[in-house]
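You will see chain A twice below: alongside chain B first, and alongside chain C after that.
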Partner chain A sequence: MKKIFISIIFLCTISFPQENNSSAINLFSPINTKKFADYLFCQHDYLRAIEEYNRYLLGTSSDSIKFRIAIAYSKMGDYKQSIDEFMEVPEKSQLSPLAKLEIMKSLFQSGNFNELRNYFNLKISNNNFNEKKEAKSLYNFSFLFTNDSLPTEHNFYNAFHSDDLNKIKKFYNWKKDPPEKKSLTAGILSAIIPGAGKIYTNQFWDGLWAFITSVGFTYLSYDNFHAGHYFRGWLFGGLAVGFYAGNVYGSAASAQIYNAKIHFDFVNDLKDFLESHNYFIPVINFCK
Partner chain B sequence: MTKAKVNIFIFCLFFLTEANLNAQNYLTKQFDYAKKLFNNEQYFDAITEFKRLLFFDEEGTYKFEANRFIGLSYKEGAKFSDAIFYFTLAEMNAKNDDELFESKMDIIRSNILRRTTSHAIELLDLLETDKRFSQRIKEIYYWKGWAYLFSDKWDDAANYFSQTDSNKTLSTFCKEVDKNKYSSSVAELLSIFIPGSGQIYTGHYLSGLLSLSWNLLWGYVTINAFIANRVFDGLAVGNFLWLRFYNGNLQNAKNFAEEENLKIVNQALNYLQFGYNGTKP
Partner chain C sequence: MKLFIIILLLPVINIFAQSDWIKWGKADYSYQIKNNFQHRDYSLNKKNYERFLLKSFADGYWLLISDVDGDNCSFNPTCSNFFLQSVEKTNIVQGSLMFFDRFTRDMDIFGKVGHYPRVSDGHFYDPPSLYLMNQDSIKYLPHSFVLKDE
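After this line comes the complex of A and B, so read on.
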């Protein structure tokens, strides 16, 4: 009888996990909904994760879940919604400081630099806030993306960690005095010596070619008029004028293209730096 | 063993089996629910529910079906790369040759629609040499036809379609399209000998005549300069004007042929999408 009793207990211990897994059987129970939402979140299927988290929140309240929903919106690039969701994280919550930093990040990513600065001044700079340095880093960094006057060097640098200072100084100096080429200078140079404007904008071979064609056609025009071949004289003269005018205009345009390129590269460098530093926000791994 | 012991043992066995069946039942219900969403063309929700099924299906009973339906749902939403990812998961979990073949075909059809047709053809070549699927060679040829059709190789497509019994319609159609298309090499070749004739061949008469006139003018000026022993003038006009117009004429002839072909092909694809009732990728 004793053996039978032990056997029953043994069999029941095997069967109970199945029954206790009734939560696993009811796929839509809150606990299973959350489990599934976490899985979707970690699979980067953010839209579905949001749906599942919202379903879970119907029966309960959780700051951590609200925070994840906001992160999911941010990851999807829906910054407006993401900010609204981060705002839902209560002030007293442990996640509140991080939510504020994330709001700044979303404002940054959506290009609302003025709103970001207002938010920083209103909610962070005058308050007792442990992550003030991180927030100040992002605040200062925003000046590198706009044409607003930069803070003083000391004020700018002191927000960043010493490890990054060399890179930050490089960015600051570039922004303060960008190595741009002037369109007017390029145009005038090419008007005086065909092709010189192109060489000024680092287009050496284009400049040389412009010089050869302009001078070559002018010479041919002169030579044909001199020899009494008026059709060819006008033809080469027309080509010379065309090449000359095109070269002057092209040099001015080339300076603009050069400037656009260096600005594009600069912004890309800034973005790479920010991405590698997660916008100065501590990283939380929800998917351990 | 006494009778009481046997009864207790049977009871426990029943209890265990029932619990297992109960769990299975829920998974079946979830599968049916997800499939219903799929059949109702609610593909977003269908994907969610199939993913839920996969997440809770610890024994992997529905791994093939759920992954396949997720793939099919993504495919309906034209998310072909996602579809191929899930079809591949289905392929990895195929339980028999039929399922394996179906999932491979799903991958191929998605590749055709994604226009990665060279990959589709590679996969079809592999299937063709696979002895397990020798019975389904006509099906393989049929999809090879579609892969070549989407690769703009209408003649090859016609050849493969002609090897499948039921699709002489497609074969004839492909031959017709191939016949209607302009040859860009012929257009270019014509323009090499008589500038502008390539454009005229593709039906662009004004452009052809203009091209011919410009080439005659600059050709005359160039030759005239050489005759007058003004070699440098001849080289300058020849290089900067005649050669430029001549090259432009060649490029133009080729571009016109390609543009016209694009129109013909788009018309054909439009017919296949809306007018053809057979199986499509």
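After this line comes the complex of A and C, so read on.
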């Protein structure tokens, strides 16, 4: 009897507080759902944040939440979906101008530069749009990523903030006249002095080794012919020709690799610049 | 009765406890460097006379010299593989020129570090596609890049 009594008391002490808690806090209420979604968003857990935001939107309508969902897709790199979500933000909404800029950003990040320019011309350039300068900056910047003809200097520069102008001028001039090395020049240089073409393409040690091998085998060939060792003379002579011709060819190829390298570095510089300027879009911190 | 249960339980506990060897047993880990050159493709293509001849020389070189010498080429693909791939992608003349250039670069003991990207096994990554004299075929990778599988 005593045991049963103690058990009942014990069970009550466990179950009553739990019942009280569950009735006091509704974890699935819209407010808590949004709080949880915000928390996930700020923890960069975007996929689950989207899920929670969508759950929240079942009971209510909010442009701000739609905007966040679109941002979450954009952060995950799902640009197609993010564009669709940004399109959901109504024209009348305060967030509409930002959504348009974000659409441009998503088009930019997905590499759809032609679509970006079409979007700008259709939706922004002719309309009354407060953030037109930011949009024009991104529009102009897209020309640095493609081989399309650049706008005139005046048209290009006037879209940017004066603080960034020096950097922008450097980018523009680089794109206009990239400091590329010519394959033909590299080949001719190596034909005149073995290895010179490699040094021209910034490959000093390769150039030096090319010079040593070409000159070394030529000397061995000459020396063996001179000593009457004709087989060795032809053998080393053949190798000398091979290394010489290979170096002329390799110098021309090296110029192309050099050009690929500087273009790679240029694109990386552009991307770093854009990231540091948030693609010219005003930063909204949802996680204060 | 209690004694019977205890006797029944003890072996069960012992058996389960012993199964813990999976967790605590000595890891059978090999520190040996993987010798990829030992898994070479020695097959010959009899349909193509030029390729057959070239591959025969390469097979002979691998079997008698390279495999005995060990994994000494600092590049991936190795110079002999580079030659074969170059000829396959271009022709015998251009492939030979690419090979001579590669061989000169292989001799360069100072300029490789900080110039070529690496494969995860430490070799310098230098594919023939960079030297085809076709700007579009060049997929530039910075030297800090490490390829997982090649």
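Rule of thumb we're sticking to: the second predicted complex is superposed on the first by the 264 of 288 C-alpha atoms of A that agree within 3 Å, B and C clash if a C-alpha of one lies under 4 Å from a C-alpha of the other, contacts with A are read in each partner's own complex, and residues count from 1 in each chain.
Definition applied: contacts are C-beta pairs under 8 Å (C-beta built on N, C-alpha and C of every residue); 3 or more make two chains touch, one makes a residue touch a chain.
No experiment lies behind these values; they were computed from the predicted model shown.
Peer 1: If you stack the two complexes on chain A, which partner ends up touching A:L189: first (chain B), second (chain C), both, or neither?
Peer 2: Neither chain B nor chain C is touched by A:L189.
Peer 1: When the two structures are overlaid on chain A, which partner does A:I281 contact: first (chain B), second (chain C), both, or neither?
Peer 2: neither
Peer 1: Once the structures are superposed on A, label A:I83 by its partner contacts, choosing first (chain B), second (chain C), both or neither.
Peer 2: Neither chain B nor chain C is touched by A:I83.
Peer 1: Which partner does A:I103 contact after superposing on A: first (chain B), second (chain C), both, neither?
Peer 2: Neither: A:I103 stays clear of chain B and chain C.
Peer 1: Spot which of chain B and chain C makes contact with more residues of chain A, would you?
Peer 2: B
Peer 1: Of the two partner chains, chain B (first) and chain C (second), which one does A:A70 touch, if any: first, second, both, or neither?
Peer 2: In the superposition, A:A70 touches no partner, neither chain B nor chain C.
Peer 1: Could you look at A:N259 and tell me whether it touches chain B, chain C, both or neither (first, second, both, neither)?
Peer 2: In the superposed model, A:N259 contacts chain C only, not chain B.
Peer 1: Touch test for A:Y39: chain B only (first), chain C only (second), both, or neither?
Peer 2: After superposition on chain A, A:Y39 lies in contact with chain B alone.
Peer 1: For a test of understanding, state which residues of chain C touch chain A in their complex under the given definition.
Peer 2: Per the stated touch rule, the residues are 94, 96-105, 107-108, 110-111, 115, 130-133, 135, 138, 140, 142.
Peer 1: Using the touch definition up top, name the residues of chain A that touch chain C in the complex.
Peer 2: 183, 203-206, 208-210, 213, 242-243, 245-247, 249-250, 252-253, 256-257, 259-261, 263-264
Peer 1: Which part of chain B faces chain A closely enough to touch in the complex?
Peer 2: Listed in rising order, the residues are 4-5, 8-9, 12-13, 15-16, 19-20, 22-23, 26, 30, 47-48, 51-53, 55-56, 58, 221, 225, 228, 230, 232-233, 236-237, 240.
Peer 1: Of all residues in chain A, which touch chain B in the complex?
Peer 2: The touching residues are 4, 7-8, 11-12, 14-15, 18-19, 21, 24-27, 32, 35-36, 39-40, 45, 48, 51-52, 216-217, 220, 224, 227, 229, 231-232, 235-236, 239.
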